[in-house]
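Down below are the structures I want you to see.
What follows is chain A paired twice: with chain B in the first complex and chain C in the second.
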Partner chain A sequence: MNDVLAIFRREFRSYFDSPVAYIFITVFLVLAGWLFYSGFFIMNFASLRSYFDLLPWMFLFFVPAVTMRLWSEEKKLGTMELLMTLPVRDIDVVIGKFLASFSFMTLTILLTFPLIITVFALGNPDSGPIIGGYLGAILMGGAYLSIGMFASSLNENQIIAFILGVVICFGLFMVGEGFVLMRVPGSWAAFFQYLGLGSHFRSIGRGVIDSRDIVYYFSVIFFFLFMNLRALESRKGH
Partner chain B sequence: MIKVKGLTKRFGNTLAVRDISFQVPAGQVLGFLGPNGAGKTTTMRILTGYMPADEGTATIAGFDIYNQSLEVRKRIGYLPESAPLYLDMDVPDFLTFIARIRKIPLHNIRAKQDRIVEMCGLKTVLHKKIGELSKGYRQRVGLAQAMIHDPDILVLDEPTSGLDPNQIVEIRELIRQLGREKTVILSTHILPEVTATCDRILIIHEGRLVADGTPEQLATQAAGDATLWITVAQAPPDARDALIRIHGVKEITVSRSGDDDRSSQRFGLRLVNGINPASDVFRCAVDNGWTLTELRTESATLEDIFAKLTT
Partner chain C sequence: MAKRHIVQSSTQSVTLIILLMGILFFINILSYRLFMRADLTEKKEYTVSESTRNVLKSLGDIVNVTAYFSQDLPPYHAGIRTQVEDLLSEYAAYSEGNLNIEFVDPSADEELKARLARMGIPEVPLGEIKRDKQVISMGFMGIAIQYGDNGEVIPFIRNISNLEYDLTAALLKVKDKTEKIIIWVGESKTDQQDPEGHYFLHEELNKTFVVRPMAPAQVTVIPKRTSLVIVDGSSDLPDRALYAIDQYLMQDGKVIVLTDRVTLNPDQGLSAASTDQSIHGLLESYGISIAKELVADRSNAMAMFNSGMVRFRLPYPFWPKIGRLGFSPDNPAVNQLESLVLPWTSPLSITGQVDGRTVVPLVETSEVSWVTREPFDLNPQQKWDITEDDLRKSILAYDLTGRFISYFSGKPIPKDPSAPLTAGEEEETEEEIDSSTDQGRLIVVASTRFITNQFLSLHPENMMFLQNIVDHLAIGNDLIGIRSRQVTDRPLSFGTTDEKAVESKKTFHRVMGTVMIPILIVFFGLARTAMRKQAKKQREQGSKETHHE
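On to the complex of A and B.
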């Protein structure tokens, strides 16, 4: 546990040791604000719908950017060798890094709180979808993060890790979207929809917190963290 | 302290390490010597738990490097080749991070850190990010992180690479000091380094162990052994016959020496291992009334052995 904490602290701090974190947060907030206000005033309706609707797409590019350096940089600098010969288990490193990126992303999402204040100040919105939307965003973000981090463990080039992360996230998002569902046999549609990253977010976002959706996101996170662990093992290969 | 048995490691079709076995008693400073790509780094990576070998195993301080990898890693301080470090951290943050992972109790971290900063001469760069440091300072930070938990065993992969001559002397001195109480394995391809710091040398070539011994042992093992050079002014024609009769002389090569004095001759006496007949040669010269202008023994150097074993 102490190992996880030590890794976590280093990783979390390193976000703020470079200007990347500030640029990232700023761009995210500006974009989120623009999406929100443009929809808000056009529809003249006090809700966060338009913002939440586009969040899975925003995440597609933002989240892999948060995770791209997690392993790639270790590989490029050679610090992988330093880290992996310290008395710490691989799994603790994986969890520590994941939690650091997860906290950073959660912090960014929570910094959109002025949007909530705005809707409550200007109208009388239903709080269920807002709480659900934020919870869903955090869970969905976690799933994106685990994918992005796995992608980072495959390559020492951050840009390639980023693109790979976007591609995998996009794939897993699209299988559950109407575009694909319309084209698969009916019996498969439910399965594909369950597999998709976005449908569970919308389901939680309606304000109904269903354990199946939560289990889904946790499963995705565990699966990709496990794959990440396996990717680390590959250094021991031949 | 360290027992290595039959380590073999393949990368694709190349054998990086072939059946290497050796033991290191506690308190020894062992030097891995070999040309680039000989398998030094791979061997160290296997011992420190970074990658497993394909065959063979090793125990360190009684712990198996595979089944008890964490126990092994706790007891080792490792400086990987070219000292990889987190460039975006400053020196104290980085050392604190290592200290936490090394389970140094919180109230102790400060003291340990101050001690290691002093030891490695890092005081002047404490406020800088590691990425801003020169190669020499990075190497020192690498050494500091390897030693902060006061490990029994130090594994240092080319600890003096990239340092200037003054720093090299300092680091060697540090390693020698550490060697009094710790077991040290260091690798290098710089020959004077091993003679300066190591109790024992392993020469590795193409993944194989080709020599093992103290610097002196290796020097005497080397074929060609020692040569005694003498120069005799106005040497009589029978000088060679007189010299060959001296006990311990195996072979003599004769050459003219000096342009001005034509009758001056230089003899190279190849010696039988372990015998130095310099005094006999001197007496022989006195008895025959020769004038000696040179009398010098030249023993085979580590360079000779290294060149012979690795080419």
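On to the complex of A and C.
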């Protein structure tokens, strides 16, 4: 546990030691705010729905950008071997890195709180979908992160890791969307919809915390962290 | 040897991954069947409502609910089946064992298909895409509710949002064998394409009631067993129709009157003039008058205008938009509503005697509302010449309950034109009722246009208002609790009428929400970098000094 904490601290601090974190947070918040406010006053509804509708698409590019350097940079700088020879278990390194990027992403999501101030100051919103939307965003972000981390562990080139992360996230997102569901046999539709990253986010985003959605996101996170671990071990084996 | 080790390790990896996938698959299947939900929405929109639970608890006997769904529905519709299953299982849980639920696939049973067609559950065409082509397949998506000899059907479930209302209404209907009849006094305009028609309204009301339209000239008597009379005041009523409505009310009837005091002239662009109609005299005798004025409000809906070739949308003060604060907080028919748009409406007021009746204002405009008088200028871009003193709330709907005195008391009874007297025949005397007991119910709404096809497609929340007051009078408040949760509109409020102040508030929030935190983050980053540099410098100096020593 101490090892996980040590790795977590090292990784979390490293985000703020480089300009990457500041650029990331700034671009994310400006883009989210700009897109949200451009429709908010025209729609005239006290709700964050338009912001949450954008999130799966914004995450598609932002989250792999956060994770692309997690393993690739270690490999490129040659610190991977050092990290792997330290007396810490691989699983602790994977969990520590995941928790660091998860905390960074959660912090970024929570920094959109001025939008909440706006809707409460100017209207009478239903707080259920707002709480659900943020919880869903954090869980969905966690799933995207685990996928991005796995993609980063496969390649030492950050650009390739980024593209791979985007492609896997996009695939797992689209599989549950209407565009794909319209084209699969009816008996498979419910399965594909369940598999999609976005349908569970929308379900929680209505303001309904459903154990099925939480189990799904934890399963995706667990699966890709496990794959990440196997990828590291196979590299060690070589 | 090394190669064998790698192969062994890879096989082990693949096995482990497959095993993990299997475990996760199993856990997800299990969680799909055994789940818990917490509905955080304010009005518990995704949980079976209190109203439905009360209806289910009071069933007292077995009611059979059969859902007819085809096995191979196109993907979108297959998703609806899952939601229907969830909802019906919740219904069963609250019914104390009185609800028998069954899912049946009628696709292969021709006899059953024919029976369903007779019951009113048709096989409907459903679109789907197969091999990049739009194809139409046929399927069943209906529900039948059976209690003894009484049956009700929901022919086709388009979406889940209205299903709780439809199901609970159907349960109430099968339990209560008496047919609930609404008499619609007004010209029958049931053409779906007619913007001024009432097709959508009648379609909705017919789900729960039997709506019988009666042209004003044909209204001579309203049977006592009628559940409710709705008077569409867009055309003038002959005296006999007024008498029939009055006498129905005197027998503790329930009446909704929709009326205008200003009529638009569609042939002359945007022009309007006040009108005197017989119904206004009837209402005045009950204590409600409608002024020859038009209400304007800063809280209003957008309207589309044509100017030659150009169409544009503008906020239109003559379409007042009622927000949450505009509904009576004590009346269950409206106190859960969030929005209503009443176009070209006039203010109502209490005049004369209302002894023996309670009079509750149901709907009122915002505080930043005013009235205009003849000649009316309906131009949306006119220069408004109003001061703070002109601003006042207007009441646009009243609910009256209690004892009503007949408008025709001491007056001759208008003749029934359908029974003309021939020479020598003796006039059959009708017995006139002078007053009701304390159970008369009357709701007056100062607009006829808000429930036309055109306005319902622009403002679906208007339907909710009308359905709620209809249910409130005709069947009590059993169903209102379900519908009022389907709130979609939570409008913004800037707390001021000054446009400059509104704009500056918008700019403040835009700046705060978009750039305030990023600026703070950049400052934080610069400060942190400066501190790190300082610390590094100090470390370097420290090490140099140590080196010199």
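One rule holds for everything that comes next: the second predicted complex is superposed on the first by the 236 of 238 C-alpha atoms of A that agree within 3 Å, B and C clash if a C-alpha of one lies under 4 Å from a C-alpha of the other, contacts with A are read in each partner's own complex, and residues count from 1 in each chain.
Here is the rule we go by: contacts are C-beta pairs under 8 Å (C-beta built on N, C-alpha and C of every residue); 3 or more make two chains touch, one makes a residue touch a chain.
Every value quoted in this text rests on a predicted model; they were computed, and no experiment measured them.
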The chain contacting more residues of chain A, comparing chain B with chain C, is C
Touch check for A:129: first (chain B), second (chain C), both, or neither?
second
Kindly classify A:171 by the partners it touches after superposition: chain B alone (first), chain C alone (second), both, or neither?
neither
Taking the superposition as given, does A:17 touch the first partner, chain B, the second, chain C, both, or neither?
both
First, second, both or neither for A:88, with chain B first and chain C second
first
Once the two structures are fitted together, what part of chain A is touched by chain B and by chain C alike?
17, 238
Inside the complex, what are the residues of chain A that reach chain B?
2-3, 5-7, 9-10, 13-14, 17-18, 77-82, 84-89, 235-236, 238
Chain C-touching residues of chain A, taken from the complex the two chains share
16-17, 19, 21-22, 25-26, 29-30, 33-34, 36-37, 41, 44-47, 111-112, 114-115, 117-118, 121-129, 131-132, 178, 181-190, 192-194, 206-212, 215-216, 219, 222-223, 226-227, 230, 233-234, 237-238
Going by the contact rule at the top, pick out the chain C residues touching chain A in the complex.
5-6, 9-10, 13, 16-17, 20-21, 24, 27-28, 31-32, 35-43, 45-46, 71-79, 82, 128-130, 132, 324, 489-494, 505-506, 509-510, 512-518, 521-522, 524-525, 528, 532
List of chain B residues in touch with chain A within their complex:
10-12, 45, 48-52, 54, 70-71, 73-74, 76, 78, 80-82, 84-89, 93, 97-98, 100-103, 145
